[in-house]
Every structure is written in structure tokens, then in C-alpha cells.
């Protein structure tokens, strides 16, 4: 993994969903080796923010320094093919990202015993472990994780924390949206509540498509 | 990128014989038409070129919605969009995989089905040639339609509506090529036009498809 | 003891191993005898010339094609009612054989039709219903292949076989609507043989017997393979369980 | 004996029908036997592993 | 149970015009065939009854895979199976909703499309009658096929393969009814047979469908 | 809601998945007014057990006293229709279960403000709240919940605990499979680890389909 040239810095970012501003005036920097946890109640815009950072949707305003090519995004869905085995699923992503080797990922998320099992025959937690192992084969420095520990049991959560720590130690950085405790006390926390988008009357931004109509 | 192509092929094979199924549909449409129209050989050989092409087109069409739908549902498409390969490449590979699993087997099987439709003897080579030339265009155009409708619930029929008008030129020239070939007439014009459509679609449409995909993902 | 004891896989493996010792040579003898006789030692017919030799493949394969489906229907019913695994597996084993036989009948018939009727294919009722039967075979096998869990697959394919049989009969009746067709009617029963000259009758009977033996042999062989595959699957799963 | 066999003008017809049918039959038998052998070998391997564990 | 029916209708309408789409497909097949076959009026009116029926059948077919697939994916089917209504009822309602969104609009629109196909004048009432009588059977049989393949990835084409041979008798009698009607011949026999198939399928197949569904859910 | 005639008692239950036994010798009773939490690592068979109890798959062995008609099951998936609004989704299930009124459910899971929103425009946690609200309209005494608090923020978890408590108070009972703390200290815990299915050689049961083949 090549260490990131710079940090992932966000300036005056505003993000929208369904044409409505959701978060605004976001400004934070994610340095290599650091973990940042996004907190906010349901519907506060965590998923929207992560998708914007990953380059899947354009920001409403503001700047993101890190190019999408340095970012690996893990969403609510795991992107697994039900009829491929665990090994085939991982190998595919390794090839797509040009890293090739899946050994570290398999050991990291404790998937050795399941390598030949088709993804459709995994339990919810096993699927999730496979989805997280995918991050390890991307070889990218910034990880954006959306509720990564859903369905994981206590042991797997610890395993996950371990994987995150070694990623940080190798110069990576992670941004995690979650509601539960991840066993990462060293991580900083970013609360999204103060960044909730205000109505335009109160000084908030216009939505993407309605500025012409308001 | 090859990895994506190989994975799609593997998925097609795993999922209960991906190759056989497109073919199966082609076969069944060709069987149904005589069942509906009735058994007279002369009528059948009259309509054979047209019906064979329409059947091939429908067989292609039916497998279109799965080009992106499955990848979208399970989140793979988001991941592919952020992967270090251009979306144009993804789209091309998807179209190629679709052709290999649908258009290619259709082309190879078409003589057998032409038999059922009573196609006149000289038409056989032209039928295969026209399908070999035309089905890539069907896959590429279909991929574009699939990219437009990805993420829409019940996109399947909407997709058909969008794509079928786009298929019209390919269909007309393809069927015309077979008809003239079967009747022993000059085939150069429809041949060149068909080849031109395929080349043009393969060269340009991937950009449109990738753009549509990008819009649909955000 | 009732015959159901043979539905026990172990018992079936033993019995079928014993039966196969007789069946394999019997099949080989009947097939070789019938086919060699039919191909080399029958005279050309007046109207049909040497094409009459096709009958020795066409008629037996057509018969097996139909009756294999009947056997699958019975096996599916047994699986439904008594849930004997061997029965379901035998139905699964028979399908590819039936499909191949149907295909052989279709191909030989088509090739025969070219000189006789001047066309490879016609939408004659008998031909059409046979083609539909072939489609049923394809669907049945595709469904088996598509479902992972063996009992689920057995249940669903049995339902399909039952419903499919009804509809296959209906279509047989439906295609009769068109016309009487080119294909000759059934002229050949074991009791009366007035339409077929002796020179063809005896080798044909041997071929039919050979095809029946061939079918039984292959079904037994394939069922044994299916049983082994099933046991293998159970063992492998067990290994994973630890 | 084979030399005497005269199929007349229908030679191609008869030979292709018989050829196609025999190819299909042989293919069916071959597939049956190959799969049978493969499954049998795999099963024996599994049985051997199981025997060792106990 | 009525609630289920109403919900399915509402979903069909919400999802980008469920009614229009089946119809659209019917329309496009009927348009494609003349494009492929060529514009001669006599040929067209010869094959009109058969092609119209085949097109209606394909339009039905294409919407089949969504009967249960969506409900299975989002977990509704599990919940319906544990709800206090019999699964046979669920299946019947699903078939009914499918017919109302597909078969019924097809029947109503068929005269317009018959115009495009040059159907002889006396055939019109018989076309509508045969579709009204036959499409319910298509929906019920299709629901059975959908229940067999629910939960299979890429079940769509497998479903077609399973269902189309089952559609054969309906197709033959339906097309025959139109053909005879258009030619002014006696129609009683195909009429009765078509009605018989529909009645039989509607009465018996829901049990088979429910059984298949139960097996698939476990 | 009619109070349950009796408890949900399970005797010598064994459940299987993919034809293989997963859990065996299960024996517990869920009395009205009580909550029971299932614990076990990923892949231990919690989902399989719940599906069996709900009547979606037959048990491999043993008995379940409660008929499926008294059981409401909430799986990993929420059974929501993306194009229906929150109100329509709930009303549909209320009609299917013959209860009709959705007011209590809406207030219970704090969905008032979202009633006219289409389900596809909800955030992950909002969807989950709607999925849980469905339980309230079933009118059934036994709730089987599979990781119900996934994606929920802290406030919603508390809300959920509240709803469960009032269900218990009304004579209902709940069985919850989860890896995280639900804020229900009064609930008993059933650990599935000792019930893991053993190999047949060690005295375990045969799988459903392979008894004839092993």
C-alpha cells in the first residue's frame, strides 16, 4: 500500500440527498494514521456524507482534497456475489484493484475456514466479515466505513478493531459512521448534529435543483 | 477488466447455465410462432427471416435487465464505480460478457432453429453472418438501456420500451440481409449498413452508457 | 418384505450392483445384435430405399423418449407420497437419458424426412408434440441444475413433472387440431405387425428390446452416481462441521 | 461383408442419421461413466478421510 | 387478501406505470414483426392471429418474474407466509393482480394492435374474446412458474423456459379461436377448450403454486 | 391483542440449515411477559432457530408448543416496499393481520414525521424503525426479533426498549437474537454455544436429507 500523499481534508462541504441539503459547513481533516468516527442520529446524513466523499455523488458546495482513487468505501451492502465462493469474491476485487493477493485479507478477517463456501451460504455476520475483508484487498489508504460492525459478534468486532489498527499503523486512515462502540478509544469523534443543514431562510444553502425556483 | 469479464461469465455459468437460457428463450419463441401461426410450410418460410431476427432480438432483450441490476442491488456497482478502472471499461466488459453469453450462442444455434422455421436453403449462411454481425450491436445498445434504467424498480419492461426502438435499424437491416440472401439477391447494402451500425455503436455507446451509469449512481 | 425396502439407498446399491452384472452384457448383446442386423442385413425397401434403416434408431428412441417421461412421472409421485430419496434421484437420473433419446428421435426423424417428405421439419402434430416434450425435458433438467439443496430440488421438480405431464397431454391434443399431418400413424404394436415386413420386424424388435435394456442400465448407473454424489455431499458437509 | 453394403442414393441420409444417433448415444454413455467415476473417486477419498478420523 | 391485491396494484402503478409497460411490450412486439417480416398486407393478415397471441403471451411472460421476486428479496414473502392468510390465497391474489395489470390491458388494447397486423374484420370480437378468456390462464400458469423459481438468482430466463411449454395449449386454442373466427368458421370447440383450460388452471394450479412456494421458503 | 393462551415452550428442538444440523437439544420456555435474549457468535444458528420457530422451516427434531399463528417474526430484511409511503407500508400489514389501526405503531416507533415519505427515501435507521413498527400492527403475542437494533441510534434503541417493555407488560413475550446491548436488563439470556450440533459420530443428529445416505 502506498501511503497517502496527504491527508483527506474537507473544507466548507455541504452534501445533499434527494435534492435537499442534509449537512453543511463541514470542515475536518483526516490525517494518515488517524481514525475519525462520525456520530449522529438516524437520518442525520452520515451515509450521504460518506457517498459524497467516495465520489459517488457530487458535493453541493465545498472541497475535498483526496481524490476518489485513494478512497475505499464500504456501504451498508457488501457487494458480494451469492453464487461465488468467498475466495472467488475476494480474488475478483483484488484483481479489479490490481493488488492480487488475498492471503492477508483472509487471515485478517478470519475467513480461512470459509474460503470454499458460496457467499449465499454464509450467515449475516460471516457475510459482513467478507465485506470488510474486501477493504484489505483494495490497497487504498482512506477507508470510509458505513456501520461496519453491523451483525458482527464480539470476537469479530475485536478482530475488526485489530485490522483497523494495523491499517492505521501502516499509514492509512479510516472514517467510520456508526452508532455502537467499536473498541477504538484512540479514535476522534465528529458529531454531525451542529452541521445539520439549516433552512435557506436561516442562512442555509439552497438545494441542488431548487435554487432557480426559490 | 478481464477479471470483470471472467467474473460475469462465471456468474452466468453458475446461475444455472447462463449460456443455455438465452438460447432456450430463442428456441422457445421460434417454436411458439409456428404454434400460433399454424403449420403451413409456405407461410413459415415467407416469414422466417423476420421472425428469426425478432426472436433473437427478444432473447437478447430479456437478459438485459440483469446486466447491471444484480450488481446494483448488492452494492457491487458502487464499488466498481470507485474502483481503479474507467466506467467505460466496465460498461464495455459488461456488454462483451452479455454478448458471449447471449449473442454468440444464438448465432451458433440459429441454423437449427431456421430449420424449424422452414428458412429457404440459401438463407442459412446469411442468417449466421447477419446474427454474428448484428448481435454485438444488440448487446451494446442493450447495455446502454440497462445503464439508463439501473436502480429503477421494475425496470425490466421500461428497459424493453427504451431499447426496442433503438433496436429497430439493426433489426431491419439484419432481417433484410437474410431475406435477400435467402432469395439470392444482392446483399451488399444491408451488409454494410449492419456492419456500420455495430461498429458505430461499439465505438460510441460505451461513453453514453458510462455517463448514464454515473448519473444513476449519485 | 415390501418392495419399498429397495428404496433404501444401501439396499438399492446392493441390488443394483447385482442387477447391473446381468444388465450390462444383456444390453451390449441386444444393442449390437439389433443394430448390426438392422444396418447390415436388411434389404432396401421399395419406396424408401435404404432410408428404411433409420427406423432401427428412430422408433426405439422415440419410444424411450416418451416412456422415460412416464417413468419420471411415476418416480416423482413416489417421492411425493412416500418420500423415498432413491425415487427422486432416479427421476433425476432418467431425465438426461430421456432428453437424449428424444433428441435422437428428432434428429433421425428430421434427416429421414428430407428424402421422404421433402422437408427436414414440418409442424406435424406428432413431431410438434415431441418437440414440446423435449422442451419439458430441458426445463426439468434446468430446474434440477438451478437449485442447490437436493430435497428442495426434488420437491420442485416433482411438482413440475406432475403439472408438466398434464400440460404435455393437453398440447398433444391441441396440436391435433391442425391436420392429420405427414407422419404415419402408429402401425406397429407387438400384437399386430401387418404393416411391417418380417425382414424389418425382427431386427426392430431386438433394437427396441436393446434400447429398453439400455435405458434401464443407464438409469441404474446414473442413479448410483446420484446416490454417491448425495452421500459425498453429506460427508463433505459433515467434514466442514468438524 | 461391409463392402457389399450398398446404401444407394440415400447413403448420406442413412449414414448421417446413424452417425448422429450413435454419437449422441456414445456421448451419453461416456458422460455417465465419467461422472460416475469422478463421483466415486471423490466419495472414496471422503470415506478414507472419515475412516482415519475415527 | 384484498389488501394484498390492492397493494400489488398500487405497486404496479407506482413503479413507473405498471399497466403501461406490459402493454408497451405487446405494442412493440406487434410493431417489430412487420418490421422484420416486411409490409405485405396479405402475409400479415395471414399470420395476424398467431402473432398477436404470441405477442400477448410474451408480454405476460416478461412480467412474470417480478410476481414474487421483489417480495422475496425484501423479505415480504417470509412475512406473508407467516401471516394469517393461506398461501393459496396469496398466490391467487398475486395471479389476479398480474392479470389485472397485464392480461386485462392487453385484451382491451388488442383491437388497436390488430389493426396494425391487418387482422381480417370478423376476427376482432374473437380476438378480444379469446384474450379475455385465455390471459387469466397465462397469469395463473405463470404464477406457478414464478413460485417454482422464486429465490433463484437469474430466475428470469429459467422461468421462461419452464413456463413456455406450459403455455402451448392455451396459445394453440387461443390462436385457433381467432383464426376460425376471422375466417368465419365454427368456433365452438376451441372456445370450449380454452375456457376449460382457464377454469382448470385457475381451480387447481394455486395449490401447486402454494406448495412450491412453501418448499422454496424453507 | 389477545394474550397468549400458554407459553412458547421448546422441547428437544434441533434445527438445520442447508440440510445440516446447526443446533440441537434446545429446551426453553418463553413465558408471557418475559424477554429472552439469544446469544451466540456469528454463524451459530440464531437466524435458523428463529425461522424454525416462526414456522418458515420444519424442525429437524423436537417440538414447539406455540402455533405459528401466535408468532410475529422480524428478520434481517424489513419487508418494506420502496415505492410505498411509511403509512401505506404499515397500513398494508395492519390489514393483512386484521388489526387495522396503525396509530399506536406510528407513535411507538416515532414515525409521525415520516408518514408520507416513501420508504426508499428513508435512511437505514429510519427503515429499521419502520420494520419494527410492523410488529406492533401484527397483534401477535410472541415476537421473534433478529438483530432488531441494527442501524438504530441510541435514542431509537431506547425507544425500542420502551416498546418491548410495554409489549411485555401487555402479556406478550419476545425472543431477541442480538450481539449488542439492548438496554433490557430484565431479560434472561440463552447462550447457544452449548447447543451447537455435534457430529453424528459424537452422538449428534443426522441432517434432514442425509439420514439415508450416511
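By written order: A, B, C, D, E and F. Residues from 1 in each chain.
By our rule, contacts are C-beta pairs under 8 Å (C-beta built on N, C-alpha and C of every residue); 3 or more make two chains touch, one makes a residue touch a chain.
Note that this is a predicted model, so its numbers are computed, not measured.
A.B. asks: Which chains end up together, and which apart, when subunit C is taken out?
C.D. replies: A, B, E, F | D
A.B. asks: Let me check something: if the centre of a chain is the mean of its CA atoms, which chain is farthest from subunit B?
C.D. replies: Ranked by distance of C-alpha centres from subunit B, the top chain is F.
A.B. asks: Among all chains, whose Cα centre is located farthest from the one for subunit E?
C.D. replies: Computed centres place A farthest from subunit E.
A.B. asks: Just give me the whole-number Å value for how far the CA centre of subunit D lies from that of subunit F.
C.D. replies: Computed from C-alpha means, the inter-chain centre distance equals 53 Å.
A.B. asks: Find the geometric centre of each of subunit C and subunit F from their Cα atoms only, then give the gap between the two centres in Å, rounded to an integer.
C.D. replies: Between these chains, centre-to-centre, one finds 49 Å.
A.B. asks: Taking the mean of the CA coordinates per chain, how far is subunit B from subunit F in Å?
C.D. replies: 45
A.B. asks: Distance from the CA centroid of subunit B to that of subunit D, rounded to the nearest Å?
C.D. replies: 35
A.B. asks: Which residues does subunit D have that touch at least 2 chains other than itself?
C.D. replies: Within subunit D, no residue touches at least two other chains.
A.B. asks: Which residues belonging to subunit C are in contact with no fewer than two other chains?
C.D. replies: Residues 132, 135, 138, 142, 146, 148, 175, 231, 235, 238 of subunit C touch two or more partner chains.
A.B. asks: Residues of subunit A that contact two or more other chains, please.
C.D. replies: 76, 82-83
A.B. asks: Please give the residue numbers of subunit B that touch subunit C in the complex, ascending.
C.D. replies: My answer: residues 15-17, 20-21, 24, 27-28, 31, 34-35, 38-39, 41, 44, 115-116, 118.
A.B. asks: Can you tell me which positions in subunit A touch subunit F when the two form their complex?
C.D. replies: 18, 40-44, 47, 76, 121-126, 128-129, 147, 150-157, 179-180
A.B. asks: Considering the complex alone, what residue numbers of subunit E touch subunit C?
C.D. replies: Touching subunit C from subunit E are residues 144, 148-149, 152, 155, 158, 161-162, 164-166, 168-169, 172-173, 176, 190, 193, 197, 205, 208, 211-212, 215-216, 218.
A.B. asks: Any idea which subunit F residues touch subunit C in the complex?
C.D. replies: These residues of subunit F touch subunit C: 18-21, 197, 199-200, 207-210, 212-214.
A.B. asks: Spell out the residues on subunit E that touch subunit B in their complex, using ranges where they run on.
C.D. replies: 12, 15-16, 18, 21-22, 24-25, 28-29, 32-33, 35-38, 43, 46-47, 49-51, 53-54, 57-58, 62-63, 65-66, 70, 73, 152-154, 156-158, 160-161, 164-165, 167-168, 171-172, 175, 179
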